[in-house]
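When the chains are written out, they are named A, B, C and D in that same order, and each has its own residue count from 1.
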Amino acid sequence: MRLRANTAIGGALVTLLLGTAITAMFWTPFDPLRINLRARLQPPSSLYWLGTDEFGRDVLSRVMVGAGASVVISLLTVLLAVAAGMAIGCAAGYIRGWTDRIIMAVNDALLAFPGILLALAVMIVVGANKVGLILALGLAYIPSVVRVVRGTVLSIREKEYIEASRVIGNSEAYSMIRHVMPNAIAPVAVLTTSMFGWVLLAESALSFLGLGVPPPAPTWGNMLAASRPFMETAAWLSIAPGLCIALTLLGVNLLGDSLRDRLDPRMAHG
Amino acid sequence: MTRARQSPRAWTVGLAAFALLTMLGEAGAEALLRTRLNADIRSTDPGTNRDANTDGVIAHIVEGLVAFRDDTSVGPMLAESWTISNEGRTYTFRLRQGVKFHNGATMTADDVVWSLKRWLDPATQWRCLSEFSATGIARIEKIEAPDVQTVAVTLDQPTALFLPTLARPDCGQTAIIHRDSVGPDGKWITPVGTGPFKLGEWKRGQYVDVIRFDGYASRSEPRSGYTGAKTAQVDRVRFNAIPDSSAAKAGLLSGSLDVIMSLSIPDLEELKSRSDAQLSITPALAMTGILFQTRDPLLKDVRIRRAIALSIDTAQIVDAVMEGTARPNNSALPIGSPFYSETQSHGYVQNIMEAKKLLAEAGYRGQPIKMITNKRYSFVFDSGVLVQAMAQAVGINIELEVLDWAAQLDRYNRGDYQSMAFTYSARLDPSLSFEMLTGPKAAQPRKVWDNPAAQEMLRQSMMIDDAAKRQALFDEMHRRFIADVPMIVLFNGAELTALRKNVKGYAGWLYPQPRFWGVTIE
Amino acid sequence: MLGYLARRLAMTIPTLLLVAIAVFALVRLIPGDPVQVMLGDSADPVQAAQLRAQLGLDQPIPLQFMHWIAKLAAGDFGHSITNNLAVLPLILDRFQVSAVIVLVAVAAAACIAVPAGLIAAWKQNSLLDLSVVGGATLLLSIPSFWLGLLLLLLFGLKLKWLPVIGYVPFSENFWQAATFILLPIVTLTMIEIGVLTRMARAASIEVLRLEYVTHARAKGVPEWLVLGRHVLPNAFAPTWTLIGLVLGHLLGGIAVIETVFTLPGLGRLLVDSIFARDYPVVQGCLLFTAVIYVVVNLIVDLCYPLFDPRVTVA
Amino acid sequence: MTLLAVDNLRIEAASGGTAVVDDVSFAIERGEFLAVVGESGSGKTAAARAVLGLLPPGLRKVGGRIVLDGVDLATAASRRMRALRGPTVGMVFQEPMVSLNPAISVGAQMAEGLRLHERIGKSEIKRRCLDMLARVQIRDPDRTYDAYPHEFSGGMRQRIMLASVMLLKPKLLIADEPTTALDTLTQREVLDLMVGLARDHGTSVMLITHNLGLVSRYAQRALVLRQGRMVESGTSRQILAAPREAYTRQLVEALPRRGAATGRRQSGDPLVSVRGLKVAFAGRQRLFRRDAGVSAVNGVDLDIGAGETVAVVGGSGSGKTTLGRAMLRLIPTSGGEIRFRGKDVTTTADREFRLASQLVFQDPYSSLDPRMRLGEIVAEPLRHVPELTVGERDRRVEAMLEEVGLAGLARRWPHELSGGQRQRVAIARAIVRQPAFVVADEPVSALDMTIQAQVLKLFERLQAQYGFACLFISHDLAAVEQVADRVVVMQGGQIVEQGSRDDIFDRPQHDYTKALLAAAPVLDFAGTAVARVSG
């Protein structure tokens, strides 16, 4: 099989991300939390490759550790949103009737809020920590998953193999689990990759609005948010984490594309 | 200038041009000073429906019998002088002559009595009414006007805080206003005060103007705090409501604002280099520090609290956080207070060995200590981060938790925290500085220092009027405060104000509010 | 048509009611209250209680909710706790700022993205296609506020072409206002180009595969006309739906961009009010946002038959 | 004079270099009707597209010469090509549902070609469009002119398509399976119109089809393609009556033919019996009311004996599929009763009936769960056979797969199979539990001709072996003729005629039955099949 450009680039970027995250567990050039007030806001140099921040912490070390934090948070959030969204969406799409109507009414109501603001409010309620963040973002993205899953389930329901299952004498619940869910996974998988990107963005946006993962643990989002007052005087502070987010998202999006191409070869390119 | 509602229809070049023309046509000889509020004022009724912005504007319009001076001592304002008799219970104020209200009427003792009684009427909903109730500093038993220039107020017990309370800006300086300020039904209309400015146009959500009062009778001594000479040099001051600080900064640089206050530290660097701006940096009374919950199972051990205090280098933190605009201070009294003496300058000295020893004695084994902080005040946040890092060096495991300011206040008010980086607003009297910290936690969970002996000393400091005796009390309280470590005071803030180069005569003072009398524009 | 409109509006009522309940519940779940924010560190319990009573916050929550709903029904969104302004004018005022930015940005993005997606699909698998898709994916991957900051750094601080921050209403000075919102618009446009280009390309590929395109070519229709008349209108329909979704969400949600460029928009108002626990404003903003979302989607649906006559709104 | 000459055409997939069309040569004279015959993958469509210079993306012409009306297409500039398309060569496509632009009105689409190629005024354009619409027997040309394609049925759209192509009086009309998606009656009408129009304008026709019946009825010459290569060419009569090549013979032999009358006559009590069955689909639920429903099956009486095959035939919309689904109780009925072995199963969820009845679907692509292996698919019905051990079950599945010719493929996924193989899996799934009653809904109509024959043969053999009764739903009369014992003709939700196979085919009574039989494309040469064009 021909190696596609997006698979290759996406794979390389994601591998780089994971490699960095794993490396950072064992080794970083400096302690990412060590404050050195004598070396504040140092521009990139041979000692500090990406410079230091307003507390004299090594930006490279923090970016490396931040990779792990960002990956874990995004993964868990996506997992939460997809798991809950799958369950609710399948229930709504398969049971239909009043269950569906009520679920979808609530879902539409939730969809009517901008996700980031919903997350912000939830975050204040549950507290600004990793669990709170995962909960808030997960909750904010569940409605989108529900919507996609329900749509998928509704279209799978109409497939003849579901009718075949009924003809065989299988119960509705069995058809649901054995035939509908496995076939709904593919479109959800594509959604999952794009959600990974959204979550990464949302995490940094939340930090930016003042509520993200609490310091001193670095995430790219809170590093980026903290860099804002130093835009003019220390631009390297925002460029490093920003570039990391952009490259990671690029990798994930490209991988998502190649996944989608595999499911729907017509969209393929390159 | 026509302030058209911002509707799409108005977004035509034609209308914009029209607005420009009217703007040009209006530009006359009027001396206008433009400054910024971070939010609109809440009302024009002093000391009731108010916040800091309201207080700041109102202070230009109304005055009280007494007012704070630059060094936070209390001086006469509308009163010429006063005497205290009856074992400290009766205050007899001699009023200044020829003071005019904005409506032209001359102030008499009758106006003073009417004003004071109005404040004490619960229907007025005066913010400071509770101070004169059973739980407050003292009750007012009697208000009399023996003659047209004299007013006597009798309290039920002596207190050192009577005059400072009257002078408090958040109490509306217990303003003396003319009866025309309210309608026949007692409803508030507009402040008819004695200040150097009259209330001008108040365009809700956009700006409030104060206009020079030509009939103002100024005191003769130099300007000091909210008293002294108060001559309005500009015709009009416009307080624009601009919520965003960066927008305000841009406004100053573009010339659409003349004065902006409460700059952040990062702004400082940027503005320093600008030739068209000047900076006014004044020490402020606000106080930033780390609060401990002394009822916490872990932190009730004073050795651990002390270990944290000894692990940090206050000077280094302050230098990093405040960029040299503030000095380290471990005392509850602000630097600049007349009671800040040599004793108060003795605080904690970093001692890693001692800190480690204390931790070992206390049996501390790395249990996490949660520290709440917020991002609303970058200096609070940065202080938290630095304290966390320094404490870590001696093996103390502090975990930061970032809350939004309102949530942190809620936790503060309920005493629901292990530790928090916090900032207190200005207190103008040393007793009040301690009062905000000291109290029984059972009744007032927000108080950090629950020490009965300290509470007794505080009570005495509020009753005694003798400066030397009060100084002795404050010194003792400071020593105990340092020993108990209910919190680590780090520094008092600095008020950073930026002005355009052509603004002259502006000066900040300990209280973080602007004063636009005596200020000129060249 | 009118009947359809009435039905659709009727259908939104339960949704909006749910939204109202959710909003109210969420707002009250947030720890801290406006009184504490207003009184700050010197909150005397007596005073606080007094102020709460004054604001009606001492009443049972369900009762507060009933009051709010009853007033809403009469079109009264209440008054801000922090500055006592009427909420609805405040929201509308701020909404203008957000709306201008979002509408201009999304329109600009659509104008660039739809042709780009169409051309990329037309030249599917070519180098051109690859670069369009690559570019779009890259734009999609950049955090909006970071892009905003970079643009600020470049055009505001380094080149000094545009003012860095601030806002002037259009009614005051049109050109100055335009300079202030140019960068936010450019930022948002670039982000949305990423999303829309990919959608437009996918939709165009779908359409290009259909036989009526070959049919048109078989009639000798020149290629530009094939794309312009036969592919574009049909490929635009799904993109149009996406534009609706994007619009619906952005109109309430460009808080981040408004923060970067310090614009007094709706998103900022909401975020600031959440931090100030200004209940009436938070509630008003969230409800307003939901209504906008619903209305935009309704408009999108009503316009859909313009692009696809198979869909009727009867 | 030769209108189109194709020499040694070779078309490859752009990616892999696999030949889709390899060394194909043919010619069409003016006014001639050529049929290009082939099954899927024969390259017949690619060859036709190459003539238009409109190969789909992914395919490219790598060799050979195409000369159309004296122009060598290889040297023609794209502008010249566009000028040829329309007035010189026009094309009618297979899928009427997607071959008209849904966003543009019928009139505008028809006028588009005229505007491009002829210098005539607006009113003249409109007049010619309306004339042409009338010519293709559209009832209300004026209204049609302003209407959008989605308002028409498949047959009507195909007429509109034809009209829009013939409006330019092309010298060559390429028709790519133009009627495959239509039912028998409509197919006949559209093709007759096409031939008539072509004759009027002196247009040559290149008909691409897999249906030998059409070839025999309309084409003068035929060309047989298989996997991109030419198998045989010659006059239609010669190719159909005396095929030289083995593959052509195979194609001709794959045509269904009437089997010997079986002894499977209804005897004793019927296995399944239906009385007065009605199915109505509810209208859309509006806010305050419900739209009027549609009655799909309206009072059907039908008996099926054990082991008997009853065919249901009818055009699209006749209600035959609905009847099948309703009899299996997959959709709710709104009246009448269904009895199984004498027991009323109309409203009760009867387990015995459910387990004893099965369904074979039309589309083998969507009837198999893509996430299950063949073995699992075939084993699934055995879940409900309680006393079966795992070993026994596996043995039965393996035996069943062997029975349908898929031995050893239990670990395969559905997407790894061809359409015919999938249909075999579907049949295996239906039979594995040894049902008493099977509904087969157009089981072969999605398959190629040779595959159809194989699957029908398999079906017959299995029925003989397992003795299940079958309701065979089809619009393909040839297939029905091959397998049915009795035939039921449906129109508009009702049975208009029923009887034994021979009675219906040889002595049709009802007009509708006669029309159906007349429209059925059958070979009208002596030998293989008998023409039954009724008078």
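As a convention for this text, a residue touches a chain if its C-beta (ideal position, glycine included) is under 8 Å from a C-beta of that chain, and two chains touch if they have at least 3 such contacts.
Nothing here was measured: the structure is a model prediction, and the numbers come from that model.
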Most central chain, Cα average position
C
A-B or A-C: which has the larger count of contacting C-beta pairs?
A-C
Approximate Å spacing (C-alpha centroids) for the pair chain A, chain B
45
Taking the mean of the CA coordinates per chain, how far is chain B from chain D in Å?
87
What whole-Å value do you get for the distance between chain A and chain C if each is reduced to the mean of its CA atoms?
21
Distance between the centres, which are taken as Cα means, of chain D and chain C, whole angstrom
49
Check: chain A positions touching at least 2 other chains come out as 124, 210, 232
For chain C, give me the residues that contact two or more of the other chains.
30-31, 124-125, 274-275
Residue numbers in chain D touching 2 or more other chains?
none
What residues of chain A sit close enough to touch chain D in their complex?
159-161, 163-170, 178-179, 182-183
If we count contacts the way the header does, which residues on chain D are in touch with chain C in the complex?
49, 52, 54, 56-57, 78, 82-87, 89-91, 93-95, 98-105, 112-113, 116-117, 148, 150, 161, 164-165, 168, 286-287
Considering the complex alone, what residue numbers of chain C touch chain B?
30-34, 36-38, 40-47, 50, 54, 82-85, 90, 93, 96, 163-167, 169-175, 177, 262, 264, 268, 272, 274-277
Chain A partner contacts - residues on chain B that touch it in the complex:
264, 266, 269-270, 316, 319-320, 375-376, 378, 381-382, 385-386, 388-390, 392, 399-404, 407
Spell out the part of chain B that touches chain C in their complex, as residue ranges.
3-8, 10-13, 15-16, 19-20, 39-43, 49, 51, 125, 127, 130, 135, 170, 204-205, 241, 243-244, 246-247, 249-251, 254, 376, 404-413, 422-425, 436, 444, 446
